[in-house]
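Note that subunit A is present in both complexes that follow, paired respectively with subunit B and with subunit C.
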Partner chain A sequence: MKIKIWILTLLLVLAFGENVRAAETLSVDIFGPGQTRVNILVLPARGVNGQAATSLARSFGEYVQGDIGFLPFLRLAYLTEVLGGDPSKGLKADDIDFKPLQLSRIDLILTIGGSGADIEARVYETFTRKLLVGKAYSQVDQGGVAHVADRFCAQLMRVLTGKSGFFDSTLAFSKKVNGGKELFIASALGRGLEQVTHDGGFDVSPSWSKDGRKLAYTNISDLGHRLGIWDRSSRVSRLRRFPGNIAISPTFTPDGQIAISLSLNGHPDIYLLNSEFQAGSALAPSWGISVSPSFDLSGRKMVFCSGRLGGPQIFILNRDTGVVDRVTYEGTYNTRPSLSPDGRFVVFARLTDSGNRIFIRDLVVNQERQISFGPGSDEDPSFDPDGYFVSFASSRAGGTKIYVTTRYGDPARLIPTGPGDAMAPAWGVAAALD
Partner chain B sequence: MNAKRMFALMLMLCMVVALGAGCAKKTTDSMPAGATKVEISDKDTDWQKPAPAPETRSLSEDEIRAQQREMAQREVGNMIFFAFDSFELTPESRNVLTSKAETLKKYALFNIVIEGHCDERGTSEYNLALGERRAKASQQFLNQLGIDTARTTIVSYGKERPLDPGHDEAAWSKNRRDEFKIQN
Partner chain C sequence: MQDTRQTAGFLLSLALHALFVAAAVFGVGNSMKVDMDKPMYTVDLVSLNPSEDPAAGDTGEAAGAPPPLAEGETRQADQSAAAIPSPPTAEKLKPEPLVRDDAKAISEKKVEEQKKLDKKVEEKQPSRQDLLKEALKDVKKDVADKSKDKGKVQDALKDVRSQESKESKKDAVSGELAALRKSSGGNIFTAGGTGPGGAGGGKGTGAGGTGSGLMSVYGNIVKQIIKKNWRYQAMGTETNVAVVLEINIDPKGTITGARVVQPSGNPGFDDSAMRAVHETQALPSPSVKSLDTLRITFNLQELGK
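And then the complex of A and B:
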């Protein structure tokens, strides 16, 4: 009996011991109430066996620090904050004195080593000395070092938050070219910028299919509105005309159908197209304008913009019940909604006295807050696949550019998209990087 | 009697001389110094002479059509404007459209494209729908005046093609418009 109790006690201690250790591992709840900020210190890159760092490793470090700047839950600490300066003699835990780091409230430390075309990077948690992320990359060249840094930060974000959609997804957007607009794609950090359409006229309102293989968009020319579908594998786009005068805001549903605003009965309503591109019955029909559908991950909830009660406001359709509820009551001009994948939050543009601003509404607690603050006009908000980041177009610095904030309204960061105005960003789960 | 007749004759002669001297003086005074003297001649001019006849050549059908197209575009080209977030036709717009209807009846061969445009304040997708409503308002009004809708095509550009790139009400009011273009 005593032996049994001993064994049980030992098992419990082991079990709790594991739990305590697990709980000690640093994690960041990016969706929790009130965000915590974790201090991370990137140590200067080192060479092997005391040699000087390679320029490749140094630029890897610079790109990583740039990437970390996009993650509002991380704060880049400086070496001057550490008592006694650099506490490391090498790249691994045994070569690092964690005590001054703990005293300086540094939570994470990143070491970078490089030799020739190889790079290795490690992130340690200073309080447990535990290795959180350790990666080695070989055959890296200067042209690919930014992508490698992005991959490493994606892994770091995944370990800390369980999400990495920001780095793993592709942004599609509309950009001014030769007096018209064409579609471009790039990573969320603007890397791998590529023009994907050459239709002429204006290509606007891109939307990714859930698998990231197709882009739906509107082409406007003297021929009228056409629905464009760009196929990622064939790199070809096809344009289709519909009866009526419009083909506005095509959006993929999670099951691969396209919802689009057509004017089949004399006024813009939202229709679902079947695989033959034929429209079924209108979703939430009305006599007013209905555009900009956006779906949650189940595809059963659809938010949209409608002028059915006068000025444009945001509404939500429950496709199971057919019930349409009004979402926005403040402001007289609320447009271009985007629904978070979990169906809880709606971001949208509201016309204020200072121009359009991005607002977010929590549909569960029915609360609303502003998350972009101009100047200029902030438009076209779009959730990332995790429902954490929100991209939008803004004219705050003169021409229109794409910025990213979070659903908490963190300071907006510019996403580099090259010269020329860029707008209408759409996040897709398509892998931006190999 | 003879003396009386002689006196009257002398008097008339003096008056003629005085009149002639007076006229000459007036002419001299009316010419300011430095002015250019212009001689006026009453001789016949060549006004009545016919101008050389232009080379007579009958216009081809295409050229006539191009001329008519240009005239029709000139007559139909003036725009109409809207209030913010509105597709309601103002009385002034109705007058403009009424005159367009007459033009379209006159040039029955031509069809038109009605372009709906918006200002930059609204967002892109809603503006595309609003632009369509604006163009449709014109189409319906013209239809009421007897212009078959088959002769009018609608394209909404939303806020993609502003007439005035400015960022104030003066620019916005110009950009909220319908444009009319001869199609064929």
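And then the complex of A and C:
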């Protein structure tokens, strides 16, 4: 009997021996998506009840596609990529066959409908069939359709990334007019272009106040340097002179003060002005020149360009400790720094063998990367309010124009600013043109 | 009396069955004397030694292990044993290059691992060769005699075949490694890459695999495949986002199910991970058969950018 039990036990062990080695689990970590762009397909606009699309809806679709082209995290897909062509019979999820879209790796689909002066647009996620954005606009006319498309794309960007500073902010820049330079503003897509100063001379290096109500800039004329303040609500600008006749690169701090390079002691140092426009003590004083201050959102970190160690290099001041650290070590000529709102990245222009190029430095991991590649000269980099897009001036296509890239160095896109050279772009943190 | 005989017969039958099952489970022919304490197959499975590369047979004798058997060759031997009773010759067991030459190149880390393994292989190698020779001798003898039961022959052949399948499995892994190395620019252990500016730093991340080196190699293969299909509109502004998915795979590597076990708090991000798995559909068959669950953490972190 004992033998029997023993044999049966042996058999059981043999029979289930495999199962004793239990199923195994393997843990895998994936860092960062393999593709940082999602595919979006804009379906042709439709009319209501099977009617042909209105020209307004079609033009809305074209503007939306143009806007999407500015967003490096979206890739515009084409209908020809979808097996069997247009998979929709209408505008809503029930009218769309998502299967071929999933097979074609389309992540998002945008439907546009229009009747009369009304436009409706929806974006669905093809994998979950969820509605991400759905908007209806009424009383749209041909003149306002671009603005409506921008608003819709801002909403889409907000849903996808939580940010929409690109669409919500205003770009100010200096543009050649009548032999001098005046300041202009426009949306980041170049819409609503408007000349805001008529000072004569050269208006350069604009900087927005945090609330977007004021622009500070330098006016250079026969009278020397003057600080200019343009008020958005009154649309008037006022110019002020300072002792020493030098007033370079004024910049608003997040709390509304102005930091500016003044030559009060024989060489330009950066000073904070009080409400009476009087200079206090210098920030990070030295025997060499210091210009181009740029602050993070807290206002406690300031990057600037200084020749305190010889050639112009980028430095960072910690306003809490007063400690100044050198940021750039490569290159002999690094200028025009712009600090990202979170204080992590600095973009600046570096003179290379092939002209000025934009570089970015990550202050946390201490790594540097070139993000603009010419040809010509790339200058005056400036972060957008999200610290993602970087605008700069470039002579790559002849005259100097404004381009936008990202801090990852995505292909630069031209921002239309009309005829004439445009330079020194600055992003306004506040809401865009109404 | 009859009952006693029946019981005895039953017991005898059980004992014989048990022996048979034991032989089948451990893959040991009766005629082979094997020290069961020696984990000889484990060495083969984790072995990625370039010197064991069958392709090495072109230039010289393999240093580590006996020549791997080509699938076709063994089948031929099998057929000839079953149908035409002519013994397989030693010539038929010559190595056949199954893996591309570039499989020889291997990352330093693996080579180090290999060196350790080599020592083990060296210790066990003579017995393995002896075993094979012995098995072949048995096959020859048995087939020539025609008098022994076919079970023995088949046992021996089964053994040869099981070894062959393990060898070819190893070859398949080497092949995958070679392919991966080719596609990822020389180092499969590098995640991410260099950005457009060329200054972006790739950081090495080993798979969080538990257990053998093969598991970690498989983990890397899985990582590469799924990462490739993962699309997310990264603006790089939110970096501390991670979702953990559990994926079930069958022995062929087909994904049979996936679920979020630890959401990120961002449904769109979770969906992107699910979409990547959905698009992947199938993975290579796992090298460890008992592996049926993958726990994948999708981190939104900047490594390549």
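Here, the second predicted complex is superposed on the first by the 398 of 434 C-alpha atoms of A that agree within 3 Å, B and C clash if a C-alpha of one lies under 4 Å from a C-alpha of the other, contacts with A are read in each partner's own complex, and residues count from 1 in each chain.
Rule of thumb we're sticking to: a contact is a pair of C-beta atoms (placed from the backbone, for glycine too) under 8 Å apart; a residue touches a chain by one contact, two chains touch by 3 or more.
These figures come from a predicted structure and were not determined experimentally.
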| item | value |
| --- | --- |
| Partner chain(s) touched by A:I220 [first = subunit B, second = subunit C, both, neither] | first |
| Touched partner set for A:S233, first subunit B, second subunit C, both or neither | neither |
| Subunit B versus subunit C as contact partner of A:N356, first or second or both or neither | first |
| A:S377 touches, of subunit B and subunit C: first, second, both or neither? | first |
| Which of subunit B and subunit C A:T80 touches, first, second, both or neither | neither |
| Partner chain(s) touched by A:N366 [first = subunit B, second = subunit C, both, neither] | neither |
| First (subunit B), second (subunit C), both or neither touched by A:S281 | neither |
| Which of subunit B and subunit C A:G387 touches, first, second, both or neither | second |
| Winner by number of subunit A residues touched, once subunit B and subunit C are compared | C |
| Partner chain(s) touched by A:N178 [first = subunit B, second = subunit C, both, neither] | neither |
| Subunit A contact footprint on subunit B (complex, rising order) | 85, 113, 120-126, 128-130, 132-133, 135-136, 153-158, 160 |
| Touching residues (chain side subunit A, partner subunit B) in the complex | 181, 202, 204-205, 218, 220-225, 245-246, 248-249, 261, 263, 266-268, 289-292, 305, 307, 311-312, 333, 335-336, 349, 351, 355-356, 377, 379-380, 423-424 |
| Subunit C-facing residues of subunit A, complex | 3-4, 7-8, 10-11, 14-15, 17, 21-39, 73-74, 102, 105, 107, 125, 127-128, 130, 159-163, 359-360, 365, 367-371, 386-388, 407-410 |
| Parts of subunit C lying in touch with subunit A, wherever the complex brings them together | 11, 14-15, 17-18, 21-22, 25, 191-192, 195-201, 203, 205, 207-211, 215, 218-219, 222-223, 226-238, 268, 271-272, 274-276, 278-279, 286, 288, 290-305 |
